[in-house]
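Pasting a structure here, questions to come.
As written, the chain order gives the labels A, B, C, D, E and F, with residue 1 at the start of each chain.
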Amino acid sequence: MNKEILIIGGGIAGIQSALDLADMGIKVHLVEKLPSIGGKMAQLDKTFPTNDCAI
Amino acid sequence: MTSIAELIDITKTYYCLDCGVCTGSCPVSKVFPDFSPRQIIERSLYELEEPSDNTIWSCLTCAQCSVRCPSNIDFPEFVRLMRDEAHALGFNGVLAHNGMLQTIMSIQTRDIKQDRTFWIEDGKTTEKGEVFYFVGCRPYFDVIFRDIDAGSIKGARNIVKILNACGLEPVVSNDERCCGHDALWNGDEEKFKQLAQLNIDLIRSSGAKQVIFNCPEGYYTFKNFYPKYFGELGFEPVHILNFLEEKISEGVIQFEESQGVVTYHDPCRLGRLAGIYDAPRKIIEAVPGLELIEMPRSRENGICCGTSGWMNCSSCSKEIQMQRLNEASNTGAGSLVTACPKCQIHFRCAKSAFDLEIEITDLYDIVAERLKIAQGS
Amino acid sequence: MTEEFSPKIVAFACNWCAYSAADLAGVSRFQYPPNLRIIRVMCSGRVNPNFILKAFHMGADGVLVAG
Amino acid sequence: MFHMTQELIKILGIDPARVRLEWISSAEGTRFAEVAREFTEKVKSLGPSTLKQAA
Amino acid sequence: MLDVGRHPNIELLSYSEVEKVEGRIGDLRVTVRRKARYVEEDKCTGCGTCTEKCPTAVPDAFNEGLGDRRAIYSYFAQGIPSTHTIDPDQCRQLKGKKCGICAKTCQAEAINFDQKDRIVEIDVAAIIVAVGYDVFDPSRIPEYRYREITNVVTAIEFERLLSASGPTVGHLDRPSDRAVEAQIEELEKKARKSQKVLGKLEERFGESSAEFHEKYQAGQYQGDQERQKWADKYAAHLSVMEPLEDLKKRAEGFTVAKRLAFIQCVGSRDFRFYPFCSGYCCMHSVKEAIIAHEHEPETRSTIFGMDIRAVGKGFEEYKIRGGDHSNITYVRGRVAEITEGANHNPVVTYEDTRERKVKSQEFDMVILATACAPTKGIIELAKVVGIELDQYNFVKTSPLSPVDSTTPGIFVCGCAESPMDVPESVAQASSAAERAAEIAIQPRPEMEHAVA
Amino acid sequence: MPEKRDEEIRIGVFICHCGSNIAGFLNMEELAEYAQTLPNVVFVQRNLYTCSEGGINEIKYGIKEQNLNRVVVASCTPRTHEPLFRISCAEAGLNPYLFEMVNIRDQCSWVHMQEQEDATTKAKVLIRMGVAKAALLEPQEPIISEVQTRALVIGGGLAGMTASLALAHRGYEVVLIEKESNLGGMLNQINKLGPTMTDAEELAERKIKAVSEHPNITIFTKSVITDVQGFIGKYQVDVETESGVKKIDIGVIVVATGGRTFVPEGLYGYDGRRVITQIEMESHLREGLDQDIKNVVMIQCVGSRNEERSYCSRICCQTAVKNAILIREQNPDARVSILYRDMQMYGVENEEMFRDSKAKGIRYINYDPAQPPKVDSKKVKVFHSLLGRNLELPADLVVLSTPLIAQEGAEVISQLLRVPIDENGFFLEGHVKLKPLDFATDGVFLCGSARFPANIRETVAQGLGSASRASIPLSKGSVVVEPIISVLADEEACRGCGLCVELCPYSALEIQHTEKGRKVHVIDVACKGCGICAATCYQHALSINSFTDEQIEAQLEAFLGSSVVS
């Protein structure tokens, strides 16, 4: 059994860390203080330089 | 005397980002497009700017640039040090009134017997005590600017009246000297030091623990430059506005009903350089019936009255004063209130020259005339 | 035909883009006419030209390909 | 390829305006509704597909 | 984002905060407060019926206060989890008033006003701090008059105005115009009400209010108390209608914002606030200007900055493309002051440092590219987790171990470490995952040899 | 795949009320009645919330009790709920790919609130379309492919060494190949690393020692890859080493080939002696600067941000500032001026170093690219655009900041690995924002200046990050892919033309030489099921599981041929 990891913050960085670890088979606890994850990135309309959607 | 290289190190002007905030903020640049604090600094970094260059005398040292400078460059201080060096090399700015005011300052460095308390009349003052009222140059101004009705003496009387109303009998002395502010900003550090020393000795000998100012320049100079040159003073400079604000909140002072709409002009030394923005406004608002309207450029963004240190009273000064009076007039206020005797003189001068509608009022006139002594005090 | 003409429209929608946009339209309650029927594909690249032709052949009045 | 389809349709006597290609990102719920509305109106204005009647 | 919600290895503790961390690397015990949502997470289907019925409107934080949400809400439409939340500071029921409409509406019976905060304890081997950043509050810069001039907004506010899912559904309506429109709506509501009252009176007396009023003013109905009331009502109605008509006339002239100014380094590269460069703002502004131009081809943008920092892959090209095809002008100069001109237009005063001239220019809107500020909670969190911060309150690291905090087993990534843009954050997040995995992975028996 | 066509098709339709979100706007009774009439439908059930535990149990119950072999749920969006329902089917013993979802909420009740009758009709058609597709669904099995737990790292610079060490530390075998005779890459050319002024030589030595001593890492220097076959988990790579070609089985590949500095031949009088590049400056500083050098002028953006090379190379400004500081440290009297266009000192550390350099006496002069500086003997003439005047700066040494450009041989590697490079020759990641360290092709990863110029901090972060990404398939030991992928449905029909191979964005197709001739082969694990191949195949040979032509056409037919729509 692998040990578990805690991630504090559910923005783009926290999400990416969580997915990487979870995909490695490591159990992750993702703590976010707001009601939903997504962080600032979710507030962005589109991202440069490709102008595609942010989420 | 400091070399340019030392001066750059002292003021850290090398942090300049060449961003142009100073030039964009500068009231002088708006009138003289060639004047640019940023460029003066950049030139000095390459030794292209010399103390002999006239540019440094145009600065109003109003600190509009320095409070906005993202690199915290104290441009007024840079200018002051440059002027210091220029003065030592024999260069000076264009002195207003043929340098008469500077001469008066110089005379005060001597061993003289002044008669500057003639105005006191029925005010209660003393010769020794806890509280010293530093009157400043009002007695001289009153005479010099009688033609434009500077009302400087009236202002001094008002202060004594207010202090008396609060139960204080301040020390007022014939031996008071000019605070040295203008000498400092004219590049004459030596004169400043002589004047300051005489004042410090006088106040110490009076036994005062607090020195009350109504002149923003005196307060600013005592607060910042006296300790810088002379260390611990042994007494505390207090501005009358802070004193008044406290008395009002304590309920010691109240005002009679008044009416009218006024706007308030923040003097640079009082606002940007001493951070006193709220007190004058609270005082005006404490007068029942008096309405305060703000000008677009107020508080941190308040503009200079156009002249400083009795120097370079140029077309630029007049232009800035016109702008300001029009701005005040456009608010719909009947009167432009200020708390600095010099701002008042400059505005009155401009008003007389251009025949404008707006009144110019000393804040202490408002306070003293409507003063209502609280019961029992 | 006395009734107002109500066209039949086929919409091929990419799962990741237009289909999720349609979901968002739903969540946000944006109203639009009920004529269009979505066929979900994993990518608009899946839409063979023949699908479009066949849709017309079968009687579609319009075809929307939304990537 | 879409272009090709449009050309074919034109030759087949079907108004090319009956086919439409749109890029709608996942954040553009409004645009989806807008396109749906516009396109429905457009097709309505074109009337029933002639193909249908012949068939 | 969706993947996080349904990954079997991820336990999502949203609406939660870390309160305590004990132990050491490889063996940490973490206490987490799960704040009460007053909605049962396993019952709520996220259908949103409750929000339609909730009577309490609250400024919507996700939309930077530019729109409203309800006291029961989902943080944003596509949010994960889709579970709704009741804002205890705003909910009428929770504030002791009578309401409970949401509970009545919810067929899933998910509303639970008695829910309490829960404390959970988790044992972990390592922690990754990814708390991001806060947007610098530009009202700290008096010369930009952010609070006084409505058409001066932050870049993130502008982002919501540009967004199809935002409060203006992507139209660049100016905040000053939106305020007038809100006023019109308000007055129309009042007008409808008073019109209704007048309607009844008109029916009763069989003449229009206007006709009546003319006669009344001519002195016809003196002493008639009923009619005097009518006259009063009519006067009240007019006092609503007159400003309403004025506003409506004004609103006729409203168009979307077309002249945009973007101001760089608002709070960044500034000794008064944050001396560092926030890294992403220049490109963020370029992007916003390009998107604004896509929305409305007449849009002209001016980007005011010192160095336009276009250092990422494709960024310089993107910047130039913006200039060539999206009507963007780049001016070298930091804006000295923003004042308010006619029609609520912000006026920007600056020195064009290349032309060495001070200019003032009027815009429809000004967008402030605000600094990447450390989060407010970071100092407290650093204490709880036991890590050092740098002089600005970012988590301290070193260039050769860019995601290791000063405490073994605690890692950091994204803007909690320092300002950075999205790809750097993503790359750093993977690095932090790598470092954490090194601690979490228990070597399989056949591997033990290799690791030793 | 078992042929199940003979079996009787028994479809169960579950219609969700979603509280009142659907039931409040559609006539649910009518829907259920209508569903009952559809071909192959043997069971119809309505639920308040199909996704609730009760709803799920009813699906399971239906599968068992009603012998359902297809399940259709008419509710919300498959984007959020399909996985849940698929798992539920599987738990009841039904192949999860015999499930179909119909979205009557997001596409119907919520968007046609005012037109309840039309909305109900639309919902009927949507269910009819779903049922028609469901009847044609085939069971699918997840695709599982073994992964060799060995990584290949191409490039032995800081990025490659960091990635290798991380992977090796995690217990995986690493093969590290370097085309030069020594590891270290660009570190070998650098003096000190900003902003902490770490000694590059010392760092390189430390890293090389760690890599060389690690039992899990095999190093081949003076080696290049010459052939790559296979796909994620199962690559066969030919490495040409000094001792001949080695064939190595590899699971994942990390590209860390770095970049190289542009040599400014013919620019500003570049001669490598008095006018040099920053990288040449590094060796001057390493050896100790000549004390006669009193005036140094640096020029930024030499060979970059121009017509020919439009990008900003990200790290040259940092390098210049760092070297300027070091020059002043060695020759405290030296005047150093940096002529720049934009100082790209992004972030916390860079801006800090920039500021400090000013306090240390470095001076910055902004020049306009339209009026570039002129380098004469012993001086540089420049128009200071922010002062509006010409300056003449004495110069004993002129240092040109040139960009990092794509590595030699990057193109060859891109062809061998079938991963793209951008217009500047740097490798093109899977997504510029969201997948900076991945390629679109699974199994190949990217870090360091091979992607784009990166400083030390960024290089280390990316090295670690790419190790994280690469370790995911390694840690699983296998790759599991949803079977919604392309299949060669009609092998006869395929002529091996290769059009699909070219168009596939994920390199998931290849041409194989079989007994029947050239045939396309789908690399299951690499396929994302986008269907571009199936849409373009002239021969109709390729199909997509769960999105077959027949299924899509059945949906079309169910819609357009249906009688319920007037």
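The working rule: contacts are C-beta pairs under 8 Å (C-beta built on N, C-alpha and C of every residue); 3 or more make two chains touch, one makes a residue touch a chain.
None of the values given here were measured: they were computed from a predicted structure.
Peer 1: Can you tell me the least number of steps between subunit E and subunit F, where a step is a move to a chain it touches?
Peer 2: 1
Peer 1: Please give the intersection of the contact partners of subunit B with those of subunit D.
Peer 2: Touching subunit B as well as subunit D, we find E, F.
Peer 1: What chains do subunit B and subunit F have as common neighbours?
Peer 2: Output, common partners of subunit B and subunit F: E.
Peer 1: What are the two chains with the most C-beta pairs touching?
Peer 2: Chains A-E share more contact pairs than any other pair.
Peer 1: Once you find the CA centre of subunit A and the CA centre of subunit F, what distance in Å lies between them?
Peer 2: 17
Peer 1: Compute the distance, rounded to whole Å, between the mean C-alpha positions of subunit C and subunit D.
Peer 2: 9
Peer 1: Let me have the rounded angstrom distance from the C-alpha centre of subunit C over to the C-alpha centre of subunit E, please.
Peer 2: Spacing between the chain centres: roughly 33 Å.
Peer 1: Go ahead and note the Å separation of the Cα centroids belonging to subunit A and subunit B.
Peer 2: Averaging C-alpha atoms per chain gives centres 56 Å apart.
Peer 1: Pull out every residue in subunit E that's touching 2 or more other chains.
Peer 2: 48, 77-78, 163-165, 170, 269, 306, 312-315, 317, 353, 356, 422, 426, 428-430, 433-434, 437, 441
Peer 1: Mark out which residues of subunit A touch at least two other chains, giving numbers and ranges.
Peer 2: 20, 23-25, 45-47, 49, 52-53, 55
Peer 1: Taking each residue of subunit C in turn, which ones touch at least two of the other chains?
Peer 2: Only 6, 17, 20, 22-28, 30-33, 49, 59-60 qualify.
Peer 1: Mind pulling up the subunit E residues that touch subunit C in the complex?
Peer 2: Against subunit C, subunit E makes touches at 48, 77-78, 165.
Peer 1: So in the complex, which bits of subunit C are touching subunit D?
Peer 2: Residue positions touching the partner: 5-7, 9, 11, 16-18, 20-28, 30-33, 35-36, 49, 52-53, 56-57, 59-67.
Peer 1: In the complex of these two chains, what residues of subunit D are touching subunit F?
Peer 2: Residues in contact with subunit F: 1, 33.
Peer 1: Spell out the part of subunit A that touches subunit E in their complex, as residue ranges.
Peer 2: So the residues of subunit A in touch with subunit E come to 1-49, 51, 55.
Peer 1: How about subunit D: which of its residues touch subunit C in the complex?
Peer 2: So the residues of subunit D touching subunit C come out as 1-2, 4-5, 8-9, 12, 14, 18-37, 39-44, 46-49, 51-52, 55.
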